[in-house]
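Structure, as structure tokens:
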Amino acid sequence: MVYWAADLDLVFTHAVSSRSMASKTQVGFVGLGNMGSPMAKNLLKHGYPVIATDVFPESCKELQELGAQILDSPAEVADKADRIITMLPSSPNVIEVYTGPNGILKKVKKGSLLIDSSTIDPAVSKEMALAAEKMGAVFMDAPVSGGVGAASSGKLTFMVGGVEEEFTAAKELLSCMGANVVYCGQVGTGQAAKICNNMLLAIGMIGTAETMNLGIRLGLDPKLLTKILNMSSGRCWSSDTYNPVPGVMEGVPSANNYQGGFGTTLMAKDLGLAQNTATNTKTPILLGSLAHQIFRMMCARGYAGKDFSSVFQFLREEEGHTF
Amino acid sequence: MVYWAADLDLVFTHAVSSRSMASKTQVGFVGLGNMGSPMAKNLLKHGYPVIATDVFPESCKELQELGAQILDSPAEVADKADRIITMLPSSPNVIEVYTGPNGILKKVKKGSLLIDSSTIDPAVSKEMALAAEKMGAVFMDAPVSGGVGAASSGKLTFMVGGVEEEFTAAKELLSCMGANVVYCGQVGTGQAAKICNNMLLAIGMIGTAETMNLGIRLGLDPKLLTKILNMSSGRCWSSDTYNPVPGVMEGVPSANNYQGGFGTTLMAKDLGLAQNTATNTKTPILLGSLAHQIFRMMCARGYAGKDFSSVFQFLREEEGHTF
Amino acid sequence: MVYWAADLDLVFTHAVSSRSMASKTQVGFVGLGNMGSPMAKNLLKHGYPVIATDVFPESCKELQELGAQILDSPAEVADKADRIITMLPSSPNVIEVYTGPNGILKKVKKGSLLIDSSTIDPAVSKEMALAAEKMGAVFMDAPVSGGVGAASSGKLTFMVGGVEEEFTAAKELLSCMGANVVYCGQVGTGQAAKICNNMLLAIGMIGTAETMNLGIRLGLDPKLLTKILNMSSGRCWSSDTYNPVPGVMEGVPSANNYQGGFGTTLMAKDLGLAQNTATNTKTPILLGSLAHQIFRMMCARGYAGKDFSSVFQFLREEEGHTF
Amino acid sequence: MVYWAADLDLVFTHAVSSRSMASKTQVGFVGLGNMGSPMAKNLLKHGYPVIATDVFPESCKELQELGAQILDSPAEVADKADRIITMLPSSPNVIEVYTGPNGILKKVKKGSLLIDSSTIDPAVSKEMALAAEKMGAVFMDAPVSGGVGAASSGKLTFMVGGVEEEFTAAKELLSCMGANVVYCGQVGTGQAAKICNNMLLAIGMIGTAETMNLGIRLGLDPKLLTKILNMSSGRCWSSDTYNPVPGVMEGVPSANNYQGGFGTTLMAKDLGLAQNTATNTKTPILLGSLAHQIFRMMCARGYAGKDFSSVFQFLREEEGHTF
């Protein structure tokens, strides 16, 4: 819609209102992989018509059967929907989908809301936001936490960055797919929050694995040690909710040969992002850096597809010498 | 007391019973420093006559005024009390106090219960237990967690290792000084549990400091980031109970220029013990090892007397260049 | 020059020959900082007319007085010279100077030889080479080793990447400024070689500093320990040519309060590049990663302008406790 | 021999002279393992009658056939020889052989020279020196570098600590077994020098392996990269004399599937000693600490018996993902 307006601000505001009022209109979705597909399904479940696309046609079939309209490119999706969610593997994919020859920004309508839930470098999120702004659209980063399980059950946590006035509109959509939708600040801070959480998680998991391994070798029963840690200052999510030692806890990957869960490769990827942002901001991250190297080594040695708590297995000694 | 008994076991059992029945008899206490003094005071408060000694006579004055009997050496204390608690800085002190020329074992009575609450190498605890056993006494390791504050308020956590039959007798005494008394296993496992907890704590604290620093540099508000971490998988004691960032939490050292609390030097000492036990058992502790080095460096650079959460301050960037 | 030619190859070859034959024609130089200025001076000394530019006019004065022609932008330099050397601080500068609105590629002549001696991410070198190729020019990366001293005395080492046929032409120019000009392989391998060397150097320097510090604390005389290391398997350039311990060697920064030399900030920058390339290629670099973090910390704590061997000073203990 | 002497000093001096004059008298040797056996053989080759013992009788056979006299315990050897060399696996063995019930000091003659070539904690060397001094004997630490190959060919390097007046006598014997005999300072400094060298070696080897791996992944030819490193500041013994990359150098373990050489387990042991001494002297060793953890991990994962340069193999990536 075009209005007689003095400046872009008024157009934005009006576009926002338009979006807010037309809530159950179609939502675009680009990227129908392990995470994107169940997320898009949850949008459908909440009554939103979905217009989607993915580079792999096979990924689109399931959603098509559920009633989504499948188009051929992000540009075509942008032509039809003024709210679009993207869920892609990494920065180059995001750059291509937004600014490539058949990208969203080629046909995006003024005032559109673009929400990227990929986990990428916050500097790239800021670039995309600038590019979107030039086309009169609004870009927000909203990476997720929770994995495929939470994606399916609609229990993801979204960490959102962007102009605060758009948060309500974003939240409306994201609440269909998540249990927590948190506003973090300007564009890029959603990524920052996700990257920071995962770095601390990685450090906590490796720390817990090293500690449990040491305790066991010093004669402590794993369940007892876990109990002591959890009532003391050593307590962390990895020790009390996702313990890496087989037999200590049920319903976690360590109880199931480290299948499922959050893969080592994905953790290594997130730690690579943490390292990049730390290098770019000259921030020393000694443990974070080493955690990255450890998961990188694990990827090479057969742990790539296992849950990241398999670091406990990776550390276990099998030596036969006495020195 | 000597009985016609077939073997040492019977003597022990009878001695234990004797101890249990004569509960409010005098308790020996060796080591009246920052921790030992308030601990001994709590024994007095609970109605136990205390017979104590310390290498520094000045340390004994306060307790003497409160009614404790001060003797000249550990041997003399052992001559008068059949339950003794020791609280000393490190392994050499423990070895001297127990097996030295004027040590406890020079005059210890058969069946005595010896509880060492120092934090030392579990291998030394095992040595002391063997030496004590030869003299017909029982030795248990019961290192503490909680610091001088918990020592004063009687809210320490004791992690106890030794023969299980003696745990009840030990617990009776330790409950005067602590809120949690946990049985961990054979001799040395109390030390093991304490060392493991503090290693995981150190890793969690440095990880939290690195993460908060990175998040702040990426534009996140510290209180918001803390909130997000604490509702997510990054959550740990250091982020939700003892946050190292000034202004995030009240009543913790970061809110008071890192005064008080648990000193960097003490943390470095505990991590040195963790490293020793790991080396001796050939256990890889990559993050634990690096955490030890970091606190060691901090000791050298003016942080020795500050609370260990001052690692956040240590990491903060003050650079002026743009590369 | 334009010739009747079937394809670009022939034009290139002829252009190369033209360049080779017209050797003492003007050479362009962009970037007249600490390194670029003495490098350009050495070109002048060898009889090459120099056409130069720098974003800071003050940087151009000295060279102007020595006879160089100063122009206003890289594009203008490219218009006048068909061999250009660039020496810039980092990737963004290189991208701007080559592909920016007033960049070299805006006016570059077909067949020009572009040699970038900046130390940047090899991926960016490859991008620039592709962009240059589209304009019919040849781009080579030729980062240097040796510092400002070697730049002045013309004793730099150049590590060159690019099409092998152009190496001779590059070598002709670079030999005016360096004592070693090594061909490393395709575009980007010059950067790779430099980054790899500096990572191993950083590891060797910190390792030497830690080792010397430990030896001194164990009662060894530093000169004797250095002698032993240098006749044994511990030997490295940092121990035998650039020892970080004051008093062990003369004529090195440690003998002069760590002034001059190769700054900590520059080393941190190079290690950031190493970390980036390692992350992008999924290569585990445990010690390299930690070395990066150590120099990053030093930058923050007052060592930014000191020679990187000041890590010895950074590690030295000044603690007063006995624990 | 007993003399009318005012104090121990005179007895020592006279005993030294006695020893010096009776040079080809029998030499004791305790510990006939991989290193001790070829070392003792070299003494025999140089015309010294050898009186030896080892806990494993089978280890003594070869030497017996070559003419050595085999006795049953270190004490018996001490009874017959006033110069004794010991070569044992670790501290507990040294403590037992010197101060145990059948140890050297039980029967050592006044003025005897005791040289321990084991690699152990310098604190233990100092203990043994004190114990020996009480019995009127002189103890020196003289650990070796060079491995079984150098032991056989008599090309070991000895790093000697102890009273300087005794160095000549020690050197006389050690020169039969080594090409380099270096005086390092007071007792314990021989160990210190050895430990320091091996820590720097470990750091250099891992650094070289990481660097070569990174360079290869960035497209550099390994031989070319090695050449560049060796002419630059990255140069170290591991890159120019013992390169870990198969195909770069001949005659080193990497050219022979990492067989032979200096085993990972032995390197891990030496790094454990370095870590202990660093902890005891409160010296920060960030890279040294991590190097220790890396070799410790390798021991567990099948590299225990391989040469320590197999760290290159340990680091190599075999991942199949694209993230």
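Order of writing sets the chain letters: A, B, C and D. Residues in each chain are counted from 1.
We adopt the following convention: a residue touches a chain if its C-beta (ideal position, glycine included) is under 8 Å from a C-beta of that chain, and two chains touch if they have at least 3 such contacts.
Heads up on the chains, UniProt names are A, B, C, D = 3-hydroxyisobutyrate dehydrogenase.
The structure presented is a predicted model; accordingly, all values stated were derived computationally and were not measured.
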Any chain touching subunit C and subunit D at once appears in the list A, B
Across the interface between the identical copies subunit A and subunit D, with over half of residue numbers shared counting as same and under half as different, the residues used are same
Of B-D and A-B, the pair joined by more C-beta contact pairs is A-B
Dist(centroid_CA(subunit A), centroid_CA(subunit B)) in Å evaluates to 42
Whole-Å distance, C-alpha centre of subunit A to that of subunit D, is 53
Chain-centre distance (mean CA atoms) for subunit B and subunit D, in whole Å, is 38
Where subunit D touches two or more other chains simultaneously, the residues are 268, 282-286, 290, 297, 299-300, 315, 317, 319
Note: in the complex, subunit A contacts subunit B through residues 122, 145, 157, 159, 180, 182, 184-186, 188-189, 192-193, 195-201, 203-204, 206-208, 210-215, 217-221, 224-225, 228-229, 231-239, 241-242, 274, 277-278, 281-288, 290-291, 294, 315, 317, 319
Seen from subunit C, its contact residues with subunit A in the complex are 268, 272, 275-276, 279, 282-286, 289-290, 292-293, 296-297, 299-300
The answer for subunit C against subunit B in the complex is residues 89-90, 265-266, 268-269, 290, 297, 299-301, 304, 315-321, 323
